[in-house]
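Both complexes shown next keep subunit A, but they swap its partner, so subunit B is in the first and subunit C is in the second.
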Partner chain A sequence: MILAALLLVTQVAAQDPRLERLDPDTRSAVVAVLDSARDVGLPVESIIQRALEGATKGASGARIVAAVRRLAVDLGAARGALGTSAAAPELEAAVAALRAGATPEVLAHLRNVRRPPLTMALSVLADLVASGVPADSAAAAVLALAPKARDADLVEFRRAVERDIALGAPPGAATSVRLNAGALDVYGANSGATNNANNPRPRSRP
Partner chain B sequence: MFEQDDETVERVIQHLRRPMVMDPGLDARVMREIARVPSPKRRARLLLPLLAVAAVLATVLIVARPWSWNRASKTDVLQFVLVAPQAASVTLVGDFNDWDPVRSPMQTAHGVWATVVRLAPGRYRYAFLVNGVEWRADPSAPAAKDDEFGTPSSVVTVGGRGS
Partner chain C sequence: MRTLALIGLVCGVSVHALCAQVTANVEAGITDVQYDGFLASGAASISPTMRWQHPGGRGFFSARGTYLQFQSGRRSIDGSANGSWITPLARHWRGELGAAAGASDYANIASFSHGQVDARLHLMDEDRGGWIAATMGRSSFGGEARPVTVVAVGMWLLRTDKTMFVSVDRSFIGDTAYTDLRSSARWRRDRIVLEGVVGARVWSSGGGRGVFGEGSATLTIGRQAALVFSAGRYPTDVVSGSLAGRYVTAAVRLGRITVRTPATPVLSGNSRASESHSSPSATDARLEIETRRDDDVRLTVYTPGATVVEISGDFTDWRPVALSRSPTTADAWVASLRIPRGIHRINVRRDGGPWMAPGGTTRSADDYDGEVGVFILP
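And then the complex of A and B:
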């Protein structure tokens, strides 16, 4: 009896105090997901944040639990694609990219052609899809730019595509046009690099 | 008037033609003073350690770039803005403040609400809470497409390099 009480006290103390905003049933379910994630070495902060987002937005417990479970599964898939050395921000961005429609192979390819951190490249991929760019075109564009573009270049590329879409350009065409125009800046006009959104040929880092 | 001038000039000439008696110790004193002045080689020897220290300092400054240490500490300061002239209150809520509606209240100037947040590299979901009840996405940021709670959210990404 005393041992059980001590165990309960220990568990409560080990819980993140931020989770007290959840009702007891939801909290215990979320804690179970967090424990499972910790057991396999996944970062848990984004899972906690998703639960808190649900609580603040007044979502039902069932919805919150479903969201954190799905996120934990997706974080595992992201780590499977990026490898165990991927940092938490990279995994969180990779989840967004996977949910946007990028395949695990695209993520693995990106890891091979770009020096970490991959957070911005993965985010730009997800944000392009959110803007209406087809997932395969967004992935091809990011893969083409990834070897040499700086994070700021990728952000500027995304903004340029979004501007073109807002002005009425078809998302896929806007991506191709901006990619070919931006390639001159990123790769250098005389580099001879091929940067085609439909046929990316990532180059190894010098 | 001219004759008087000639006499004066003649007296000056006579005075200048007198032999001048030099101080016999002058040469020795001059040579002693010259010896005290460091030679160019000696000056270079004195400067070498100073130049070496300057070179080391310059190398440290170029390699370590202490002026960018703040950026290297991996946080960016971001300003969030929402135009909401009719709103009585707007707060910024997101992954960076535990979705706590009281932690990042926004200040208004003529209906333009703004606040500043310092963020480490990462991808963050956030939204604006208007008048404590209405959730709004940031119209100037990418939308969070995977919204599972039925209200709009936006995303902001802070990069780790070259951003």
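And then the complex of A and C:
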């Protein structure tokens, strides 16, 4: 039995030598999480990276295993909201948005109103919350802009909000002001602009 | 100088995350100056300058001194300081309170001093703005102090690498009164900064009148050095006691050079979020990301005083990668890596210390009792 376990671990490690940086017990537990994730069609690269991150930071095996399990669960929740066609970057961005406080319903709504990829929209949502914007306000803003705003427009919107916050505006108010003060027109929601990240508006200095 | 200082503040607001904190330098040069009513004279000068800028662009404090040794053997010395604090009022409106003070002495013959406070109301948009301002204070020539009142209105406009600025101000100093019309521009590219001011003094009573213009070129030549060439004609400043004249100056500036080139626009998280945390890490290291071709990405970490800087991230399989010190920019460490488009996590470590989330990324908890920086390559 011990020999079989050793053979199994050795085999998996050979498949992905990066996991050799983990101690055998931790590696075994992480591999189990990876196998489970793979079985249900979740991307595993981010899970591997989360384990390697823990190894680099000197985290205990228990912490690493807990982290990868939590990530796998969150990836599953993200896929549940975005659908099985969601790409790995979208799922990773969705995990960040969920952890920031966005609800699965918001993610599902976003999927319905915006053409993929949703990576940038989800990241802007997470960034706004990280800036101090209440999660519901951030979600409302992104959902309002999402149907027609380009990725570059969303980035512009986020920068404008951050700039107002940096100048002292309350985060929620900054979001609301930027959204209501013509943002829908400026950032394309009412302008018929296409979602083309390769054709951003001319940038002014941030 | 007030005009250029305000341009600097405007730029500071826009790029606050790049050029915040304290900078200081010393400028040494030679000049040929001809004050109105005097013969031309050569002079050697040395000018230390210190500037503090709020990381969020909320305000600044600046102090400068100048010692001039004329070829006649006489000398002039002056010092000045000014600062401002900006506070949001509503929507696009900002309020600014400022103060300035200074003193000068020429050959123990003439001495001036002044102090003033000013209030400004700004209307600011993304790349343009305007303001109205009122200044009150006192100016003293020897023992006699005179009241100072200045009202002003101005507009500014930002373009990618240019700043343009127009203002009109009316000054009353005792019985002297004059109006200055002024327009200035600033252009920056790579290591070169060009600045220029043109203006006219009109409707003057005791303050002289005529046109004036000044230009300067600053060329960064090393990590902490720059060459500065300037020339022009400036009007009498009755408040600070400077006499109208024309000059040509060449100088070397030594110290912290704050001219930096922003990276190609890349979604790299937000600095404000970093600043809102109590951890000092955001001010210890700041990341700039520049996409080149294909997946080739240049990462630059600004971190003052470090001897070894490493990064680690999902694009390195979380193996530490040592950065190289930039040969051209002070406190900058660089690496070029192949990083695919998408969402990425990164940490920075300096001098073997703890891993930290650099400014310029979105900081988030990392599952390991620490923080990680998140950025996207679109």
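Everything below uses one rule, namely that the second predicted complex is superposed on the first by the 168 of 206 C-alpha atoms of A that agree within 3 Å, B and C clash if a C-alpha of one lies under 4 Å from a C-alpha of the other, contacts with A are read in each partner's own complex, and residues count from 1 in each chain.
The working rule: contacts are C-beta pairs under 8 Å (C-beta built on N, C-alpha and C of every residue); 3 or more make two chains touch, one makes a residue touch a chain.
Since the structure is predicted, the reported quantities are computational estimates derived from the model, not experimental observations.
Upon superposition of the two complexes on subunit A, a steric clash is found between subunit B and subunit C. In the superposed pair of complexes, A:Ala160 makes contact with subunit C only, with no contact to subunit B.
Of the two partner chains placed by superposition, subunit B and subunit C are both touched by A:Glu92. Looking at the shared chain after the overlay, A:Arg150 reaches subunit B, while subunit C stays out of its contact range.
When the two complexes are overlaid on their common chain A, residue A:Gly132 makes contact with subunit C while staying clear of subunit B. By the touch criterion stated above, A:Glu53 is placed in contact with subunit B and with subunit C alike. Of the two partner chains placed around the shared chain by superposition, subunit B and subunit C are both touched by A:Thr119. In the superposed pair of complexes, A:Leu19 makes contact with neither subunit B nor subunit C.
Touched residues of subunit A were counted for both subunit B and subunit C, and C has more of them. When the two complexes are laid over each other on chain A, subunit A has residues 18, 46, 49-50, 52-57, 59, 63, 66-67, 70, 88-89, 92-93, 96, 99-100, 119-120, 123-124, 126-127, 130-131, 151-152, 155, 158, 162 in contact with both subunit B and subunit C.
On the side of subunit B, the complex with subunit A involves touching residues 93, 95, 98-101, 120-123, 125, 135, 142-146, 148-151, 153, 155, 157-163. Across the complex, subunit C is touched by residues 18, 46, 49-50, 52-57, 59, 63, 66-67, 70-71, 88-89, 92-93, 96, 99-100, 119-120, 123-124, 126-127, 130-132, 151-152, 155, 158-160, 162-169, 177, 181, 197, 200, 202-206 of subunit A. By the touch criterion stated above, subunit C contacts subunit A in their complex at residues 11, 13-16, 56-58, 86-88, 91, 94, 124, 126-127, 158-161, 262, 265, 267, 269-273, 275-276, 312, 314, 317-320, 342-343, 345, 347, 355, 362-364, 366-368, 370, 372, 374, 376, 378.
Those residues of subunit A that touch subunit B in the complex are listed here as 18, 46, 49-50, 52-57, 59, 63, 66-67, 70, 88-89, 92-93, 96, 99-100, 116-117, 119-120, 122-124, 126-127, 129-131, 150-155, 158, 162.
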